[in-house]
Amino acid sequence: MDYSSEVLRRFDLPPGAGELPDGTRGVVRGEAEDRSLGIWVRFDVRVQEGLIRAVRFRLFGCPHAIAAAGLIAEGLEGQPARSLSCLDLRKVASDLDLPAEKYGKLLRIEDALLACWRALGAARD
Amino acid sequence: MDYSSEVLRRFDLPPGAGELPDGTRGVVRGEAEDRSLGIWVRFDVRVQEGLIRAVRFRLFGCPHAIAAAGLIAEGLEGQPARSLSCLDLRKVASDLDLPAEKYGKLLRIEDALLACWRALGAARD
Amino acid sequence: MSERPLYLDNAATTAVDPAVIEAMIACLGSGGRFENPSSAHPGGASARRLVEAARERIAERVNASPGDIVFTSGATESNNLAILGAFDADERPNRHFVTTRIEHHSVLDTARALEARGIDLTYLDCDAEGVVTPQQVLDAVTDATVLVSIMHVNNEIGVIQDIEAIAQICATRQVRLHVDAAQSAGKIPLDLGGWGVDLCSLTAHKAHGPKGIGALYVADDVVLTPQLHGGEQERGLRAGTLATHQIVGMGKTFELARPDRDGPRLANLRDRLWKGLERIDGVRLNGCADRAAPHILNVCFPGIDGESLRLALADIAVSAGSACASDIPEPSHVLSSLGLSDALAQSSLRLSVGRFTEPADTERAVERIGTEVARLRTLAAGAPAWCSN
Amino acid sequence: MSERPLYLDNAATTAVDPAVIEAMIACLGSGGRFENPSSAHPGGASARRLVEAARERIAERVNASPGDIVFTSGATESNNLAILGAFDADERPNRHFVTTRIEHHSVLDTARALEARGIDLTYLDCDAEGVVTPQQVLDAVTDATVLVSIMHVNNEIGVIQDIEAIAQICATRQVRLHVDAAQSAGKIPLDLGGWGVDLCSLTAHKAHGPKGIGALYVADDVVLTPQLHGGEQERGLRAGTLATHQIVGMGKTFELARPDRDGPRLANLRDRLWKGLERIDGVRLNGCADRAAPHILNVCFPGIDGESLRLALADIAVSAGSACASDIPEPSHVLSSLGLSDALAQSSLRLSVGRFTEPADTERAVERIGTEVARLRTLAAGAPAWCSN
């Protein structure tokens, strides 16, 4: 397997890896998994005043998935909360130069963020 | 093909190779050949007072045949003439450590000497 | 950092011993014995003598006669020649082959080629520790069995099969036994003559010799059909110009290969690795501690994605399964045979030590692996149970 | 006498060039690129890059793409793989093979193996100078022909066949062409892509490279069935651990092999030999002066027993027929095909020059041969005519 330098960099030092203190105000958690693809991912997102202030993740999976989660987490910080529901996966794939067989895992990462988005809605409701 | 040191020595410097001056008194010539075995051999023998005084040979053939002709020629010098008719081929084969597939050529060498013996008889008659 | 690179992949291949390199160089250039060993001239004869001396050394190390050793291009070719050669030489209409599910691909793919020709096959399963029992062989053999092929040391998990007992059973049933001993030389004593093995594949490059040279031991009374046509070299069993430098290199390799001396040293290094890794939470040994070759350690790290584990340790030379595996390896057929799930098979590593491994290397490896496993486990903290099964 | 040994047997094998030895050594020991080129770790990747660089150099020299080059253990294996592989991949019921009577044994014995499987064969005769014409190929090819196999340079008499014209005919008739070019590299330009050859066997050791490594050129659209099972190396066409040092050695060999520069130099040495030997009474050239490879001279000395000739010249490295011949060689099938009697075939010598042959060597050889021929002729003076026929 050849890895793009961006994947290698983010795999070595995954920015955004971790958790947000449980029960903190504005923190939601979203999770997704696919055993057949070998991925589990969980995001903690803190939203304040409609803006994403912090994103942390835990992940079991391949280097591409780790890099993608890290890239997405970084990109979301400072964005409006609705960004959680409209990720540009194509851009992620191209920034990381992902091989096609890894796209399925991107969709699970999206699922986890959508779960955060829904959790946010639920919190608002 | 492995050659015994005796064959190698006699092949390099075949003693007795050559001819005896034609028409000299007491010189007889005997020849034999076998195309299928790839051998032609000719002996010139000088006999005086019943003793073999000189033996020379010409030969087309393999190293074993050359060595055998040389060994026989050398051994005959000084022997009574009838030695021409009673060679000890077994001893030649063993002195030279000849492989069995070469024995046929020994028989042709014997033939050439028998021809000398017969020529000698004819000369006496 | 100019630390020497960490090489723990000696089951894939090894660095050639300096004494072997020297012996090889002496057969290459103008000043050396470069002539064709089949040539009749004195240079050819000298090269031939070197080839025959190498054959004698190899034979001696495996308790065989020099005439039983046929040089090939490696154990892959030896395995092909042994198996296809034995079947091609047997003209019975119903023929049967017995092997195991944990053989090297060069045996398994050859078995598949036999199957395609309509030959009957029995694949023996191993137990959860990788062991195949002599009783299994006895149960599998039929009157139609032409050959049993069982490896000596498994290249992934290092399990040693009881070849002596299996050979006895094959002898009783009058069935030929082929042994793939690519991983054995220098690590485990090989007593081919004493055990009554019929065919045995050897290679030089797993024992600090050159790649691209191997041998097949063919016992005196075994009839084989050659698989490479074109010359009377090697008793007519293997055509092709003899590669003097390779053969001489293999001879020197076997001369230097001393299980009595090297085995314990390697086992000590392997044990140091295991002592260190054992401390990692959840880690498991793949294979059988009681029947372990001294140079191979196969370890599973549950809860770590295999591809991430490999990339995290990409700078150190260890192996996931066998070296011929592609980038994202299929889960190893050997680990699957032990009953490991695909995920656990993928999160396993093979570490293999050699003559040039130092104790300090094992410590560095343990540290690096420990660090990366911890990092990836932290990253995956909270993952569901299936990630560790 | 400490004269350097006279080596005029470069068609049997050659001394490895110092630059090649150096490149090989760099792939053997701990300090070098000894890793398995199939391993995923960085050392493996570096070894793989060396292998691929060697492949590129070889491809470049024969006008091919790197992807067309499959490494084997030598031209013997390449010939087997090309021919058996092409037939195994073709499932038509009636299949036909065309080759010549003057091929190397590795082609002829493989042809015999095909015959044993019931495949139809046509052996083309050569003329009295060793030439096979394109027209003969055209006449022999049928709708059932799977493959034509014709050597480029004959290893005994050095005759160069017109591969370009033969390839054209094969293309017109949509039949695959295999060329055994074991003797060509570095002496005759090979334009495999330009000529439209489908399969071509190469070897390193005839061109100052190591023994035990070769390649098969397999054009893009040619389907072959692998003959060695067990690994995905070499596009799945040839299993077995890649022998980096051997491959790198072959790469360097081909890089150094320059027909434009070496061909004329070799031809000059060959011509010096012939100029000298030509003066011997009755001497005859075996082969075709107009289609002669630069490095091979085959000469007949009528009236001399072959075995005695060989023993008389045993101290100099020349060859009677091919190197794989046994002690008392069968009369060479190539010389017999030229129409020589067994006796004349036996009293022929092959002298072959190489990169390390000096002009002085040719003079010494001429003198030694002249002396021995004269001595043996004197010994046989008076012999009947059949001794010279």
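By letter and in written order, the chains are A, B, C and D; residue numbering begins at 1 in each of them.
Definition applied: a contact is a pair of C-beta atoms (placed from the backbone, for glycine too) under 8 Å apart; a residue touches a chain by one contact, two chains touch by 3 or more.
Everything numeric in this text was worked out from a predicted model, so none of it was measured.
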Note to self: Moving step by step between touching chains, how few steps can get you from chain C to chain D?
What the structure shows: 1
Check: In this assembly, which chains make contact with chain A and also with chain B?
Finding: none
Margin query: Taking the mean of the CA coordinates per chain, how far is chain A from chain D in Å?
Written below: 62
Checklist line | Mean-CA-position distance for chain C and chain A (Å) | finding: 44
Note to self: Going by the contact rule already set, what residues in chain B reach two or more other chains?
What the structure shows: none
Notebook entry, point to check: So which stretches of chain D touch two or more other chains?
Noted result: 327
Note to self: By the document's touch definition, which label belongs to this structure's chain graph: line, ring, star, complete, or other?
What the structure shows: line
Checklist line | In contact (per the touch rule at the top): chain pairs | finding: A-C, B-D, C-D
Check: What part of chain C is in contact with chain A in the complex they form?
Finding: 303, 305, 307-308, 311-312, 327-328, 343, 378-384, 386-387
Note to self: Taking the touch rule as given, give the residues of chain B at its contact with chain D in the complex, in rising order.
What the structure shows: 1-3, 8, 11, 14, 17, 33, 35, 38, 40, 42, 58-63, 66
Margin query: Which stretch or stretches of chain D touch chain C in the complex?
Written below: 5, 7, 9, 12-18, 20-21, 24-25, 28-30, 32, 34-36, 38-44, 73-74, 76-77, 79-80, 104-110, 112-113, 203, 205, 210-213, 227-233, 239-246, 310, 314-320, 323-327, 356
